[in-house]
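Heads up, the thing below is written out as structure tokens.
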Amino acid sequence: MSSAAHSAPYLVDAAPDERTDLLGAFHTVRGASTALTAHLSLEDMMLQSMEDASPAKWHLGHTSWFFETFILSHYVPSYTPFDPTFKEVFNSYYVSVGARHARHARGLLSRPSAADVLHYRAHIEAAIDASFGALPPAALDLLELGLHHERQHQELLLTDLLHALSFSPLYPAIAQGDVPRAEPVGNDIWHRFDGGLASFGHSGNGFAFDNEGPQHAQHLTPFALAGQLVTNANWRAFMADGGYETPLLWLSDGWTCAQKESWDAPLYWHRGDDDWQRFSAYGLIDIDPNAPVCHISFYEADAFARWAGARLPSEYEMEHAVGDQPIVGRFVEDGALTPLGGHALYGDVWAWTQSSYAPYPRYKAVEGPVGEYNGKFMANQMVLRGGSCFTPRGQIRASYRNFFYPHQRWQMSGLRLAKDI
Amino acid sequence: MSSAAHSAPYLVDAAPDERTDLLGAFHTVRGASTALTAHLSLEDMMLQSMEDASPAKWHLGHTSWFFETFILSHYVPSYTPFDPTFKEVFNSYYVSVGARHARHARGLLSRPSAADVLHYRAHIEAAIDASFGALPPAALDLLELGLHHERQHQELLLTDLLHALSFSPLYPAIAQGDVPRAEPVGNDIWHRFDGGLASFGHSGNGFAFDNEGPQHAQHLTPFALAGQLVTNANWRAFMADGGYETPLLWLSDGWTCAQKESWDAPLYWHRGDDDWQRFSAYGLIDIDPNAPVCHISFYEADAFARWAGARLPSEYEMEHAVGDQPIVGRFVEDGALTPLGGHALYGDVWAWTQSSYAPYPRYKAVEGPVGEYNGKFMANQMVLRGGSCFTPRGQIRASYRNFFYPHQRWQMSGLRLAKDI
Amino acid sequence: MSSAAHSAPYLVDAAPDERTDLLGAFHTVRGASTALTAHLSLEDMMLQSMEDASPAKWHLGHTSWFFETFILSHYVPSYTPFDPTFKEVFNSYYVSVGARHARHARGLLSRPSAADVLHYRAHIEAAIDASFGALPPAALDLLELGLHHERQHQELLLTDLLHALSFSPLYPAIAQGDVPRAEPVGNDIWHRFDGGLASFGHSGNGFAFDNEGPQHAQHLTPFALAGQLVTNANWRAFMADGGYETPLLWLSDGWTCAQKESWDAPLYWHRGDDDWQRFSAYGLIDIDPNAPVCHISFYEADAFARWAGARLPSEYEMEHAVGDQPIVGRFVEDGALTPLGGHALYGDVWAWTQSSYAPYPRYKAVEGPVGEYNGKFMANQMVLRGGSCFTPRGQIRASYRNFFYPHQRWQMSGLRLAKDI
Amino acid sequence: MSSAAHSAPYLVDAAPDERTDLLGAFHTVRGASTALTAHLSLEDMMLQSMEDASPAKWHLGHTSWFFETFILSHYVPSYTPFDPTFKEVFNSYYVSVGARHARHARGLLSRPSAADVLHYRAHIEAAIDASFGALPPAALDLLELGLHHERQHQELLLTDLLHALSFSPLYPAIAQGDVPRAEPVGNDIWHRFDGGLASFGHSGNGFAFDNEGPQHAQHLTPFALAGQLVTNANWRAFMADGGYETPLLWLSDGWTCAQKESWDAPLYWHRGDDDWQRFSAYGLIDIDPNAPVCHISFYEADAFARWAGARLPSEYEMEHAVGDQPIVGRFVEDGALTPLGGHALYGDVWAWTQSSYAPYPRYKAVEGPVGEYNGKFMANQMVLRGGSCFTPRGQIRASYRNFFYPHQRWQMSGLRLAKDI
């Protein structure tokens, strides 16, 4: 994988005209997935460290299964499945498709082998090539969905792998080259917004997941949003001030969780002899004070915000702010993730919001099995906005809603503060 | 307790002028609490069936502790605590007050005895009487808060007791007299609302908890709200149609929970030889088809709504509808809970909404220990609106926000459908 | 209860001629049970602090159920059960008798009330009185069994109550009077035994449980047995030497258990400001250095023995030693538990052995429901020998086998060392 | 691996003169371990399906670590460890050696790779070759111990692999060739023994683990031992007679376990459309009625014996019977496992005994880290005697004590009945 984690694959795999060259985009995305595993051993590709995470090999298989199940088996009469057992093995959570291999046992799939999975990928790609010209519009829509689905799994593949390797006493590095250093962030900047009635949700131009719509009005009260992400230096100040030992800073559920899990720092931080270090794609590295803090739960983000006399932004505020000024543009520029305002390449992270993941007004899940894609997860999770250095460029857009449980920490999750004004 | 569960105490304990006669209201509320336990044995009063619930005796003690801790010990220099150990024994979750007796071990408090607790109550009431004239305005505000706090615990005392008795192989009845029968509900009525920008949250007249404000604008899309609660007959149709066996009707977390807990009917329903029955305040009784279904979780409510081709209302929609027409008035009238549109006395229930329990815009928890009252629970819970037959009348108002976890079923929780129009 | 825990009831309730006056012995034992609860409140009598323990009220009911189920309902045609629901409510673990109330929910039995249970007891006693003359020999055997069964429950009633009260922040004392002080133990004495082939198990004179037989030969190698129990002073030396922090002293399962449960002292020991104290029948008291250590698990006993360069005795060694010299006599004498060699009244405890609880050669459980009494528990438990100050005198005999799981600590369990010679 | 599971490697790796050619035996055993994995993929070698089991790769590494830690690092001054991180990675449970990689996370060791482990093996073997001539007697003793240790892990490697593959929806076969068929067992034969005082434990000739001694006398009562193992046909009769639904046949803990785990057949049995099948080294195969039942827990074995009106033998009875007549010889003969009395090659299994795993009289664990080998596991486990088709021939001897927890089923465990006479 090496430099894949922070370089080219993410930045060239999407283009404004991918709908006009859907087949080309398909191959670009497929290639990017495989490239992520190019430097992994067969053994690395099989790791599953918890039920929430999946092996790299499984991600490669499941993203292929998606095209096979929803397009090839459905719209291509002559299609022969690569292996009839894969229908169950690579089904993630689609009840309407049939039985699913137990999620916690994905790491026990020594068979099919990684080689089998790569052959499966090639088989699917050849079948799409052969049938592409004859696919009806509905199938093309699903093809585009599958392409975005696969990009989501690219990021998960990386975060899952990082989690699995974090259990190794060898602290293996999966990225090559020098550890990037973040530039110092300057003085705190607060962007002010007047609020009022505004429009939210995807506009209808270009691709979006169903949970990004329908577009609708929402009323905001005046607020300010921090120009910078909270950094590791900020987080150490929180820790030094007893942030992890002060229950009054925490939500009740958050405090219970933090005590049970003995949290005293972000995930992957290790207390070394002299100072904290953290496990990362570069192995065990020093804490970069200027880099955004990462691998924190919603509960920690919320406690930090309370400690700082601020609060988390709502997902509406984040989306509104992007409309006002190109937040995204600050991180992704000229083919490389470069900072505007100071954040280092490696550290760009998803920002927790205070918004529960819920359906937008008049949201309807689509009919059929793909209807299970998003809607059934709209409970108990919190929305994150932004995107991380592991996020393919084509996934970063103003209306994109990422979501995880408030206790989860293995994603590239950080925070950005907001305030009432 | 007998008829306490559905009669006088709730209906006379509040009055529009309670602020002008705060001391009178205090005694009325205090008396109502004790009256709820008048027919309970010492043994009944000690029951704790799960960590979420507390013994009746503990509720009587804790509500007294509230006045002692926040008013007497703080504002009355000459006050001597009744028993210094009670500071810990009856502290529920106020970290800033100090140590708390372990929540799951409240049922192990054979000491203090119920007699001790009743003496404690009398001591507190005498001390408030003696110091009332000299209390500063801030203390009077806390006194009013304590009064509403005690009303909340009156409802919890009843639901907790019902839960504890449900484990008895004897199916004891705690209410006396005949089981009330619900009138048949007529044809379904849908009330239509145009939506638009409207105002929500407590207006500032009369008492409200901090989580009911600040008042703020919110934009609603047009919707319809059912004129009636979902009944047991409706629920049996859902069951008969395989509602509990159809994963596609459920949120993913809901389905997992339902499978793990082997749900196949509402809480307290028992499959008898001939037909279902349910455990209630009247012991084991037949299912009344016309009564609102009760003791269902948010997950079940959500699945039912999907099955019915509808959805749960948002808390804003519920509050908006009340403003438009006096929903509350339909249930509480002339000193008795009577139906408007058909619901039986006993069956009036809280309605789950689709809204996560979250702070309103610009919400700030108050300073000091009372700041722990509501704010720290604003995660992972869902809002219920309405009120039940166990709810003291003084607690039922348009802006009142009740909240529980989506899997919880031991409250008087039912549902009312909504639709987009 | 007060002084009941360490005085008269235990010492007069058994007599060598109880078989000749079985009815008299029956009433003596029954009265002793009730006397144990004489000073308890209704609330104390309902406490259940864990699944392993039962409420005092339940013990009173269950011991009555035993006579009702196995004698009255079986041998007395005219007998009418006191309450048909009690068959299930007070069945402990007799599968062949029918359904059982869930063990963990015994503390939720506010009904039947303690008064109901006392009436039940009187009903059973009257029925035994009325039918005694006509009972066949098999029923008389069961009556004698029930009498010994009830004595076992007397000890459990006290240990269960102590456990339940240990959760009270008030540290209530259930015994009255001054805390007894143990006399200093003199120099260590080791009794030597030559071993060889010897006979073990109950001889057939007087009552014994089925698990105490059949009598059989066993070969012992030469050994020495300590003349004294391990004292609290000994235990503090073990603690001071890092006994709880040295894994090499422990069995692997024991170490895992100790870590999981965070053991750093015997059960009920509290680290006070100045020194350790322990919760006891006298409330929170200082650690008496001369008293036998109590409330330790088998795992702790085993680790201590290894630390001391000794080992635990086998149950055969304990029984053999009793035969050689009257160990029992040292503790129970002249109507009071007095020390021979130095142990204080309160501290006499059961001694863990290294023997797994297993059937003796040719053991057969008796036919019928009483066959479930002992045999089905012969797995995963360890034998204790001796008896404690909570043990009715009639239960203390050379062949008596007590048994608990190796992690359990709430019984009056201590240890006595042995050595190979 | 293929035929490795049931053929040559086990039968030629031991010889009566292995002490005289210790280095030769070392290489034979080492080669046999590697041969077991010859046909496994890198992915198969990494599987860990539960905390009790370990990956094949880890077994290969750990058995090398044993020689490195206890011999090379200790007795060979010039020795350089292959990789300093391996000291922790491959330490199983030796607390005195230092930190251990978490047992449940052995399946997450993608690094070191299988190739690294094979290089490690070669490194260790070369180092032993180079230093063998200069090793002192104590080191040679440890070398012999390590050789037997490695044989134990050969069997575990196979049982662990079988367990891991049982989670695969593909039912992969790891053995090649036809499924062996067992010959029908003839009429039941019972061997009678007079009992009396006899000698037990290893005699001192040849190698034995410390837990097999010291030799000592034990008294046995007359008994009979079945000449044949319980077969699958016998087990089906037990199932058909409601064995898994009759609590009175079971130990109390066994019944609780069986209910919790929903046992209704041996491990690996699958209810097919027509009949039961079982997962085995040959994939999913039909149940051979004549083969010994396998993969049952102690609890199931005990329940079966009670159902059959018999009991499990003690470990002493098993050892005594071997002395009387060559039980081992019946299964292992002329370089192949052949039946005497009817049992098929594949089906020979370990037999559960009624004996708890406990120290023999005067047992002392050896000093030093190797002292952790056996002694600390002497709690809560039951002894098995005999050996299975997965057991290297060199491990099968009259005094060998295998031991597992009573609920465990993934070993090659069956049963042989005994009776009192």
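Going by the order they are written in, the chains are A, B, C and D; count residues from 1 in each one.
The rule is short, and it goes like this: a contact is a pair of C-beta atoms (placed from the backbone, for glycine too) under 8 Å apart; a residue touches a chain by one contact, two chains touch by 3 or more.
What you see is a predicted model; the values in this text were computed from it and never measured.
Following the contact convention of this document, no chain is adjacent to both chain A and chain D. Distance from the centre of chain B peaks at D, each centre being the average of the chain's Cα atoms.
Chain B and chain D have centres, each the mean of its CA atoms, that are 59 Å apart. For the pair chain C and chain D, the distance between C-alpha centroids works out to 39 Å. Chain geometry summary: the mean Cα position of chain B and that of chain C are 46 Å apart. None of the residues of chain B touches two or more other chains.
Contacting chain pairs in the structure are A-B, A-D, B-C, C-D.
Within the complex formed with chain C, the chain B residues making contact are 41-44, 46-47, 49, 85, 88-89, 101-102, 105, 107-114, 164-165, 167-170, 172. Residue ranges on chain C touching chain D, taken from their complex, read 93, 95-96, 197, 216-221, 247-248, 250-254, 298-299, 302, 354-356, 358-359, 361-362, 372, 376-380, 406, 420.
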